[in-house]
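Once you scroll down, you'll see the structures, which are given as structure tokens.
Two complexes come next, and they have one chain in common, chain A, joined by chain B in the first and chain C in the second.
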Partner chain A sequence: MAKDRLAEVLTRWEAVIGLEIHTELTSLQTKMFCGCPVAFGGEPNTRVCPVCLGLPGALPVPNELAVEATVLAGLAIECDIARYSQFHRKNYFYPDMPKDYQISQYDVPFCLGGHLDVEVEGEGAKQRAERSGVTETDAGYVTRIGVTRIHLEEDTGKMIHVGGSEGRISGATHSLVDFNRAGTGLMELVSEPDIRTPEEARRFASALRLIFLSLGISDCSMEEGSMRVDANVSVRPWGQEAFGVKAEVKNMNSFKALHDALAHEIVRQADLLDGGGTVAQETRHWDVAAKKTSSLRGKEEAHDYRYFPEPDMVPFTFDDAYIDRVRTRMPELPTARRDRFMRDLGLPQHDATVLSGDLALAAFYEAAVAAAGVGRARQVSNWTLGEFSAFLNEAGLQADGAGIAPAALAALVALIEDGAISGKQAKDVFAEMAKGGGAPEAIVERLGLRQMSDAGELEAVVDRVLAANTGQVESYRAGKTGLMGYFVGAVMRETGGQANPAMVNELLARRLS
Partner chain B sequence: MTIDLSSHSVRSIREGLLSKDFSAAELADAAFARIEAVDGDVHAFNATSKELAGAAAARIDAMVAAGETLPPLAGVPTAFKDNMNLVGTKTTCSSKILENYESVYDCTAVRLMLDAGAVPVGKCNMDEFAFGSSTENSAYGPTHNPWDLERVPGGSSGGSAAAVAAGEAVLSLGSDTGGSIRQPGALTGTVAMKPTYGRVSRYGVVAFASSLDQIGPFSKTVEECAETMNVICAHDVMDATSVSRPAEDFTAKLRDGVKGLRVGVVRDLLDLEGCDPKVRERVLESVESLEALGAEVGEVNLPSTQYGLPAYYIIGPAEASSNLARFDGIRYGHRAQDPTDVLDLYMRSRAEGFGPESIRRIMLGTYALSAGYYDAYYGQAQKVRTLIIRDFERAFADFDVLVTPTSPTTAFKIGEKAADPVSMYLSDVYTIPVNLAGIPAVSVPCGTVDGLPVGLQLMGTHFSESTLLRAAHAVEAASGFVPVPPMVAAL
Partner chain C sequence: MAITEDQVRHVAMLARLGLDDEQIASLGVELNDILVQVDRISALDLADIEPTAHAVAQVNVTRTDEVRPCLSREDALRNAPQQQDGAFLIPKFGA
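Presenting the complex of A and B:
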């Protein structure tokens, strides 16, 4: 099995992984250097103008919000923000590039030298055979992944190759270009080669995604390509300083694909070296169906991009006031939110992690707690992660589009906590709520689910039940305490399931003692 | 009645329209009649735009009829360099690679002129992509100097200059990257201004060297130059290098005289070996007349400008090599037939579409930006640029305006320098430092040598156009020279 193979390989070989993550700034209204709208798909070449088509004489004007988004991303992962920065032109010919140069950044990117602490627990944690430089935790370890830089550039158009197999260029009779995407702001983050396992890579990328989502700068969809992760990976014997020969792996369209492609690639390289062979420096393509990487192209001829400062724009100078102003836009980041859920709301780590890992769910939860009161935060969390999440999964919905208001869930929890209905009844009420049945109080009324909590009434039922079961009462008193459940069930039957179970238990215990 | 455009100014056209001596439509007809008559010889135009002119003239005539206030350039027949986009025209840059390229949007400066009432008569010939100083590097044949048809009009905006000089248009716009407005202005006896970098939007002018390009006007008089500057100097959100400044009336101080104006003669540039002594003489005579009018004249040196030419021939081609990459046969422009693959398509489309000077500059620029050469060439050239800026800063501490000839010689013969690119490059030795420093300069006619006009260049610090135009107006008035080419005088 692949997992075992990887674990075995990682006992002998240390993997060295660095990621390049391209994130389209899809949350912006407009492209990077023109006013064309940003959106996915659509009729080809409809969201274009002279600027993003690179027509003669058209000029780029930088989108200030895109620059701000990049600075914000840099601040979120503790980068140094450049005081002086500028765009450069990266010159190369390709049909998806309208100007045959890409406006990008070179030696003075907006953000330099940040880091992100990645927590690994569970099975993945074991993959890291030698945990030097990491911090052990109860569940696994924390490792710090360095970020070399974040820069801003423009995205290219999309090529569609016609006549070949699976839309690939080989065998194609002709190619079409769609420039709808051309000129969309694209943020490129380059990590240090600090990643040692596929699991760390997966967690690093997904933590970044969550941060970018929190910042509201991108929808970070790996399927639609608004977040694209490429990996440089090599292996070396444990203890060796020098890096091995690396391969660049592309086309990983999900976090699982990222993990699986890296696992495959590490094993492939180790097998090659174990067999006395060598690793070729090349770009490899992850084929998700075949579950393997294949060579896309050999070591590229040393490409000379002839970078030079973009003369159509003036350089940027950022002062403290600017950086501070951007910083005020910083929302609470996912790990801070998780810690707050644990600290202030008393949630266990697992629950806090799951809630803060889904922005819509976390927002729903916070609103529900606000309605229910902090004292019921645990119970609200149980319901949010329990019935509510199960319902979302089943229906394929997000928390903010489920048709159940946070206040309604809070009201449901209140009915339970106030003893008006039992937990079991509450599940029936929730099922009705999920079907659009209205407020929980109304559902309880409609279904006649009011819990019997009147002490006098319940006492009468209990006495009646005990009187009708004198034999069992004797057995109980003789030590067969397991009969308690029998008595409770009998009371429930008598009351049509509406008796308050806690009170029934208490009354029975008192009468039988 | 026949209207002679060469005898008309922006002001006289306005007066004529208001007094109903003629209509804007008649003016446009006169322009096209003149073009019909002389452009076979001059070849100032790549194309005329009769439909656009008709519509623009009709609009003005309707305003006259309705008694509305006329815009500042109402009815003025105006020509545009063929690197400026205008919907309804082709924008060829005098290149085969854009032979059939139809503009799909308007250049900001052109749009401002049309909104100000100018009537577009056509698009003017130029050196291909503005690479040249003689308008011989046009895929559509050279433009001839109205002063002597065997001579060049200068370049690269030679067509725009010749159109005004030959009376085919009253105003025109050109673009100036290293002297491409001022040098043809000098060689054709027209007033020609390169504004401060950022004064006029570059949006819609096909880029040569983005950090140097600037649009500016040609006219017969300094006053019309100021009137045109009033129209085209405006902040444009479509150009990130466009400067936002309060509007200025460049005509306001035109006649305030030069008393007390500190005029610096740039001695080391004047003494350059390649400068025709008679050209030098005319320029110094004009300086004397300024002194007589009360200007305080002194001398100054700009030692770093001697490196201007080599620095320019690094930076210009470097930026051009990148700016011209987009002409690749994929989306528009010339495409080679039956390509074997995309590389073949690129290479043959470009080899077939670009002329020899364009290919030379693209290769120069590509080389200068290559890994391992960048620091030695582009990096070094940028340092020279800084030194030149400092030279000017020092000079402007002592002087309000600096004076040189615009061009070291008068108009040369067609073909004379075509075989020797370096001697051609030298004709911009006085104009190039101005672009490298981003400052404004104006060329104003100051006399003739052997029957050919001489231009005097006035340079000022950033945004000093108003001062430059005031000094130019004094030169114009003092020289008493009315630059009328013989072919126009013969009318």
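Presenting the complex of A and C:
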């Protein structure tokens, strides 16, 4: 899908996008309404009980931490927490749902009316900012995406369709149902239709993911399905108030897929309307291999879920004391952390953003700064984002599983800053650390890398070099100052590359003046 | 209040019940009788009555997040008409 095509379409059509984001509460020990453990995968139907299998007479009891997690998520994005709330039954039939109803929430969800400010930089950001009257920043713009609600429900089981192509239901001869996932706590966030571009959608979803990760309520894996993003998309001519007919797009299991599916769907709808056609209100499936969306169901039945209050559970009331207690669990959120890195540690915005955008890396960095001292926060950041991140990417590791302790990186930075080794030597030391070579001090000793910083020792070498090159010294004094590099090189050769370059320069300059 | 045959068919479809015309007609009559009974509530002045969410006057009943024993897979699948590889086998459905 050509990027230019989307840009062209968006000059004539305004896209209107709302997201529904389902997040499994994977950090909980147990499911939403029963004591079965929460885990990914495993042998089918080994984490099930009468409650999550929907056996007659089994009674659900809500997990207190699931309720807390949802309230915490609501507080993080400035929702109003309901004073009175309850669960409802949502009635529909599907083989992955054993009870033939899903316990969900209806008119009184736990959280209502929050918002998230999304920052967009890069190509086209300025034009978008001018067009839509959002807040411009140095690098792009900030747009506020409203959150309609967050409610709590239970996840369904999983099906494997047998006999069709690529596990799709069409053409399957039969299906296998695994209820291990059924009944897992599932938080659904519904955004307002405030999103205008695929990039905004991607940024909104990834910012939310980072917040939920910070709250420690889910592992938010789009690949494993613990975070699932569906999008409602429509287009309308610029300036038109009324919404166009929307399609719901599903099956995006990465942020890139979310972006690409939306870009494709916006262009598809615009092409339909440009050609005099109409958009059908339907659910469409994103096919990542074919890079297109296709209609999921031939015939769309009007939903009739017949919600009614869940009679097996009593309602909830949340008072200030409860909400305040949950609020005490609120960690520092990613944007606050970024701002602190800029304000207190003097990091540039880009570096602070990258660090705070990866929780493991940020924790590593903070620990390394604690060991190195705040005065070296910049240098530690440079090493964390430079050699260390390159190593993580290459090895496919997370910062907390890389076998390099934050204190070790701090020690390496200290060796450089104290003049014991040069920056170039430090890269060799780091390469050894990455191979499990031990503490940087020990590597320096072992490799004989210790930088020669003893003034007396260096002076002797400098004098020796100058005495052996009297001709060049005369030329230098006569004005050929370009010979400085020659002298530095000679001293470095003489010391096997271990001389402290800054000191060599200083000594030479003094001797030759 | 009168329920139409179309409404009976719609409800039957939602409940995935295959009913013939005779059943639609007789169930329509029965549903109507029930609705007539329920309709009597409309005669009451309930303006000042809070809707009741639950018959038990309790709130905030939860459990701690502790693992409890699951069923064995053998027990879990005991009622399955068909099974395969430890999963419930269901016939072809949908598209």
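Please note the rule applied: the second predicted complex is superposed on the first by the 489 of 513 C-alpha atoms of A that agree within 3 Å, B and C clash if a C-alpha of one lies under 4 Å from a C-alpha of the other, contacts with A are read in each partner's own complex, and residues count from 1 in each chain.
The working rule: contacts are C-beta pairs under 8 Å (C-beta built on N, C-alpha and C of every residue); 3 or more make two chains touch, one makes a residue touch a chain.
Treat the numbers as computed from the prediction; the structure is a model and nothing was measured.
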First, second, both or neither for A:R89, with chain B first and chain C second: first
First, second, both or neither for A:R306, with chain B first and chain C second: both
Partner chain in contact with A:K99 - chain B first, chain C second, else both or neither: first
Partner contacting more residues of chain A (chain B vs chain C): C
Which superposed partner A:Q425 touches (first chain B, second chain C, both, neither): neither
Partner chain in contact with A:P56 - chain B first, chain C second, else both or neither: first
Partner chain(s) touched by A:S214 [first = chain B, second = chain C, both, neither]: neither
Chain B versus chain C as contact partner of A:V314, first or second or both or neither: both
Chain C-contacting residues of chain A that also contact chain B: 50, 53, 61-62, 91, 93, 95, 175, 177, 304, 306, 311, 313-314
Touch list for chain B against partner chain A, complex: 83-85, 91, 93, 98, 101, 104-105, 107, 202-207, 209-211, 237-241, 318-319, 321-322, 325-328, 330-332, 342, 346, 366, 369-371, 374, 378
Residues of chain A touching chain B in the complex: 50, 53-62, 89, 91, 93, 95, 98-101, 175, 177, 302, 304, 306-308, 311-314
Chain A partner contacts - residues on chain C that touch it in the complex: 10, 14, 16, 53-54, 56, 58-71, 73, 76-77, 84-95
Chain A - residues contacting chain C, complex: 28-30, 34-37, 43-50, 53, 61-67, 86, 91, 93, 95, 160, 169-170, 172-179, 297-298, 304, 306, 309, 311, 313-317
